[in-house]
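One structure is given below, encoded as C-alpha cells.
Labels A, B, C, D, E and F are assigned to the chains in the order they are written; within every chain, residues are numbered from 1.
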C-alpha cells in the first residue's frame, strides 16, 4: 500500500501530528503516513528568513528519509520543493501547489487568506510563477501572526470568515484558500459560513500524491530534477 | 464508494470502453466507473468544428446523467468543461487539464505530442489560458490523423517515440503528454524508451477526481459555475 | 456588391432582425445583409451551458448557408467563431472581437458593462486570450438578466449609464463596450451621457467584415482554419 | 462622403502617392484621400533615430491639417500615433496596427517579413505591447534596406517569397505581414505563391478608418487622448 | 574622470540646472556633469504630443554633443532613449528606467505619483514594457500640471505626501517613485513623512551611468542599437 | 567611505577572494570590500539542493555581519536575496539581478551562457520572475560543471566564445551574461572575440550597490522586507 512521507518544514510537533492526521483521513484504507519535522529551525514560517532555513532543513529531511512512495511538503510556501524533487525519485507535492490546483478545479477565481500583509508579495509571486495571477480574486491578511491562530481562538475564526465573505462578495472569489496550516482546522466551518469551497492543501496534496503513485508517475530524472551533481560540501554532508 | 462518470465526447464506443478501463484500474478497490458517449456527433475530434458539436453533446450528457460523485470529460481538448461545471454540483475534471497538471508535478518542462499540425494553435491557446506557456518545451505533430493511431500500428508507436525523443533531447522536455486518447495504450512503452514520465490524462484525471471527492471538494456554485439561469430553449430541452 | 451573412447564435428572431438592421445601416449603399438564427437553442445566452449549444448551432448554420462575402457572428461571446472559420473560406468576424478592436482604436482603456456577475470571468478570459487585459479598465455587471434589458426599460438605461459613469470616472475607462446585443439600442444615449465612445460590435463588425472583403482578405486555409478533416459523424451530418 | 488624410511619415513623395492610391482603391466610390508627407526628415525609416524625427513631423502634420473624417499614419512603425490621437478628434489608425488586426482576423499565427535584423526587437516590442506575442509565428529579415526594395527588383520579390514560404512551412504562419510599405506592391504576388493571406496595412487601415467613421466612432477625448495641456513651446509653435 | 552629459528633454533651463546639480552631488569627487536642454520644444512634457517633439530634440542633442562617458536622459518618460542608444557608443540611461530599477532593488512593490490622470496609461505601458506590472502597487495622480509643482508650493508637497501615504497604506507600496522631475526636490521630505524609500531617477540614473562606465560597459553596437543606416534626410541634417 | 560586504554563498575561498578583487576594482578610491563565505555548504552551486543550503548560510552571514553600507550576494542564482533584505537595513544587491540589469541597459536582447542544461529552467524562471523573458535571446549550456571552468582551461574559454558567437549571430543577442562566477575572468576576452558587451554581475553589482548608497537609498522596512517577526527557533539562533 501507499506510504506517504509528510514533511512539516517548521519545528512545531503538534502541527506535524495534526497534518499527518488530515492526510491519513483522506487516503484509502491501508495507506500509511509518516509525519516528520526538522530538529532545528523556526516553529512557524512567516518571513523569507524563516523560509530559507526551513527549505534547507526540508531538503535534508528528504535526503535522509528512507524511500517512501511519495513526499508531501506541508508548508504553504512549499519551501525546498524543487530541491526535494532533485533528491527523490518518488513524486513530491507541496501543499501550496496542491491548494492552488484544487481551487482551479472547483472554481474560476480564488481568494487567499493569509496572516500578515508582509506575506502578500511572496504569495503573489508564487501565484504568478504558476501562471495563475489571472485567476486570483484577491489576497486578504488577518493581521494576526501564525502563533496566535487556530480553532482555539474564536476571534481568529471570525476574522477568517469575515475575510472570506469579503473575498467572495466584493472580489468575486468562488473558492478560498487558507494560506497557513494553522487555519486548516476551521476550513469546514469557513466553507459552511461563506458558502464557497475552501481548499486545504494538506488533504488535497495527500490525494494527488496518491493519484500520482496510482498512475505510476514519478519525478522526472531527465532534466532539472535529475539527482544533484556530486559537489564537495564543507562542514556538513553533501 | 466513489462513483465516477467518464464521458467520452466522441461517438466511438471502443474508445469509451478502453478509457473506462484505464480509469477503473487506477482507482481504489470498490470504486465504480460509468463510461458513456453521445449518440450523435463525430467519431473523433480533430477540428473546432468537431469540438463544438462534442461540447454541446457532452454538456447534454452531464445534464441527463443521474448524480455521480465526479465527472471526467475524456477528450484532450476538454470540450464543454465549463458548461459541465455549471450543470453539476459534483466535481468535474477534464483529461487535458489533468495531463497538464500531472506534467507540472513530475517535471519542469513538458512536451506535447499531437496528431496534426493544425491542432498546435488550439493546444497553445489552452496551455496559455492555463498560464503554462513558460513550461511548454514544444509541441510536435505526428502528421497522422486520429483514426489511424493506436497500438495496432507499430509505425505510430515509432513516430510517437521519435517525437518524444526529439522533445526530450532537443527541446528540453522532461515530461511528455500524449494529446490524444488514441495514443494512451502506448504510453508506458513510450515512457520506457524515451526515459521521461508520460502523463496520461485519463488515469490521472480519474485520480484527482477521486482526490477531490475524498476531500469533500465540490464545484463552487457561488460564481461562474452557478447553475445556468432559466432561459427559454427552442426546439430542444433547455 | 458585398453580401454579409449575420448569424445570431440565439433563437430570438426580433434580436436577429434588429441586428441585421444595424449592420445594414453602416454598410455602403447597395450591400446586402442576410440575418439568420438557429431553429433550436436558447433565446438568450447567459451561461456556458447556453453557449455550447449556440456554438454548435452557429457552426451548423455557417456550414449550411450558401456562400456569402463575409460572416458576422452576432453574439458577444463569439460562440463557434473558430469553427466557423474552418468551415468558411470567406472572412468571419465576431461581434465581441469587433467591439474590443474598436475600443482599442479610439481609446486607451476600455470598460465593459455586462448583465450578471457570473459572466465576468468568461469576459476576462476572452480579453486575456486577445492579449488585452492590460487595456481593461474594469467590468461592471448590471445584475439584470438579458431578457429584462432594452430601450423599453428606462431603469436599464439608467443602470447602464450609471455603470458607464463609474467606469469612466473611477476606473479610467475612456471607451465603453456593452457586452450584450440587448443593450445596443441605447448605445448612442449612453455615449452622450457618459461622454466617451461606446463601441458596438454589430456595427463595427459589419464594417470590418466589409473592409476585409474590400481588401481581398479571406480566411486562411493553410493552418488551423483549414477545412476540417473528414470524420464519420453519428446521427447527424458531419 | 468620407475624406481620409493619409500621412506618410517619411519624405518620399512617390511612396506617398502610391499609398494614397492603394487607400483610395479599397474605399467605396465617392470617398476622397488626401495623401501628404513632411517637408523634412528621412526618406525612409529604418532606425529609432529616423522614427523619432518622423513621429514629430507626423504629429505636426496632423496638427496643421484641416479637419478630415479620419487619419491614417502610413508607416509600419506607427510613429506618432498616440500624439496624433491627442491632436485629432476624428479617428486615427496606424498601418502597423491595421496589419496586425487583419492578420488576427484571417489567421491564427502570423509571420512578419522585415528588411533588416536590427528591426526585429522593435517589431517584437510593438507586437508584445499589443498583446499579440502568442500569435507571432516568427519574424524574418530580408537583409535588404528599404531603399533597395520594390517590384522593380525581382530579387527582392524572390527574397520575400522565400521568407514567406519559410514562415508558413517551418514556423506555422497562416498569414503574412510585410512590415514595410515598400513591399506593398508585391503583396498579391506573394499571397499567390505562398498560399496564405498577405495583410497590407495601408489597404486594411483605410478600410477600418472608414468603418470607424461609418459607425460614428471618434477618438475618445476623455482620457489619455484628450487634447494636450497648453504648454509654452520655445522656438516653434506648440 | 567620468564626464556625464545630462540631457533635459524640455526647454526649461532652471530645471536643467537643478537636475545637473542633483547628478553631480551623487557622483564621486572629480566627475563632471554637462547639463543641456534643447533650444526648441515644450517647457514641460505632459502629453505624447509634447513627448514626440522632445524625443526628436533629445536625439539631435545626443548626435551633436561631443563624446561623453555616458548620457542621462532626464525626463521621466525617457523620450528618445532608443534613438540615443543608436547614436551613442557610450552608455545611455533614462531617469525613468533608473527610478524603476532603484525601486525594484529596495522594495517589492512600488507606487508611482504623477501629475495628471491622463498620464496613467502611458506610465502603465512603460512599466509593462519593462515587465514590471506585477510589481506596481498603483499610480496616483496629483491632478496638478507640471508647471504648478515644486518645493515652493506647500500644497503640492502635501498632495504628494498624501498620495504617498495612500499608496503605502492602502495599496501596499513599500517604495515610491515621483514620476516628474519637478517633484525631485521634495523627495527627501516625502520619504521622511511616508516612511518608505523615494526613488529619484536623476540621482540613481547618474549613479548607474557611472557604474556602467566603471565596468567598461558601453552600448552594444551589434544589434538594435547599431548606428543608423545612412538615409537621405530632407530639409535637415540626417 | 563606502564599505561593501560581498558574500560568496559557496565555500570556495579562492572564489571569494577573486570576486572581492573584482568588486574593489570598480569602486571609487577609498572604498572597502569585505569578502566572506560560509563555513559550511557546497563549494559550488549547481542544483537546487545546493542552493537551499547556500541560501540559509547566506542569510545567516548577513545576520551575523556587523553593519555595512551595502551587501552584495555573489552567486548568480541570488540565493537568499529576499531573506537578506529582510535582515539588513542597508541595500542588498544580487549579482544575478545586477547582470540582468546591466544587459538591459546596454542591449535589447541578452543571451545567457551557463554550465549545464539542467540549470536552464531555473534561469528561465528567474528571468521570467523579473519580467525579462521577452528580452531573452537564448540560453546555451557549456555542458561543463562549475568545477572544471576558469581561465586556466583554454577549452572552456573556447566553449564560452563559441556559445557567445552562436547566441549573437543565430539568436540575436546583442549582450551576453555569463551565469557563473567561475567564468568572470574570461569576460573581457569573450567580449573582444564575440563583439558584444559581456555583463559581469560582480562588477556591476558592486557599482549599483555604491550608487544606491550614494543616493541614500536603503532597503524598505515598510513591507515585505520588514525585519522578520520574532519566532521561536529550535536548535539554532533565530
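Please note the rule applied: a contact is a pair of C-beta atoms (placed from the backbone, for glycine too) under 8 Å apart; a residue touches a chain by one contact, two chains touch by 3 or more.
The shown structure was predicted, so the numbers you read here are calculated from the model rather than taken from an experiment.
Participant: Work out which chains are contact partners of both chain C and chain D.
Facilitator: Output, common partners of chain C and chain D: B, E.
Participant: Farthest from chain E by Cα centre, which chain is it? Let me know.
Facilitator: Most remote chain from chain E, centroid-wise, comes out as B.
Participant: Give the rotation angle, in degrees and rounded to the nearest 5, that superposes the C-alpha atoms of chain A onto those of its identical copy chain F.
Facilitator: So the copies are related by a turn of 180 degrees.
Participant: Give, as an integer number of Å, the spacing between the C-alpha centres of chain C and chain A.
Facilitator: Taking the mean C-alpha position of each chain, the two centres sit 43 Å apart.
Participant: Chain D to chain E: how many Å between their CA centres?
Facilitator: Here the centre of chain E sits 30 Å away from the centre of chain D.
Participant: Using mean CA coordinates as chain centres, what's the chain B-chain E distance in Å?
Facilitator: 51
Participant: Taking each residue of chain C in turn, which ones touch at least two of the other chains?
Facilitator: 108-109, 117, 120-121, 125, 128, 133-134, 172, 223-224
Participant: Select the category (line, ring, star, complete, other) that matches the graph of chains linked by touching.
Facilitator: Graph shape here is other: it fits none of the named patterns.
Participant: Kindly provide every pair of chains that touch.
Facilitator: A-B, A-C, A-E, A-F, B-C, B-D, B-F, C-D, C-E, D-E, D-F, E-F
Participant: Which part of chain C faces chain E closely enough to touch in the complex?
Facilitator: Checking each residue of chain C against chain E gives 108-109, 134, 172.
Participant: Within the complex, which stretch of chain B touches chain D?
Facilitator: 117, 120-121, 124-125, 128, 133
Participant: Would you mind writing out the residues of chain A in touch with chain B in their complex?
Facilitator: 26-28, 91, 93, 97, 101-102, 105-109, 130-135, 168, 172-175, 188, 195-197, 199-200, 203-204, 207-208, 210-212, 214-220, 222-225
Participant: In their shared complex, at which residues does chain F touch chain A?
Facilitator: Going by the criterion above, the answer is residues 11, 38-53, 55-56, 58-59, 63, 79-80, 82-83, 85-87, 116-122, 125, 128-129, 145, 147, 223-224, 226, 228-229, 231-236, 238.
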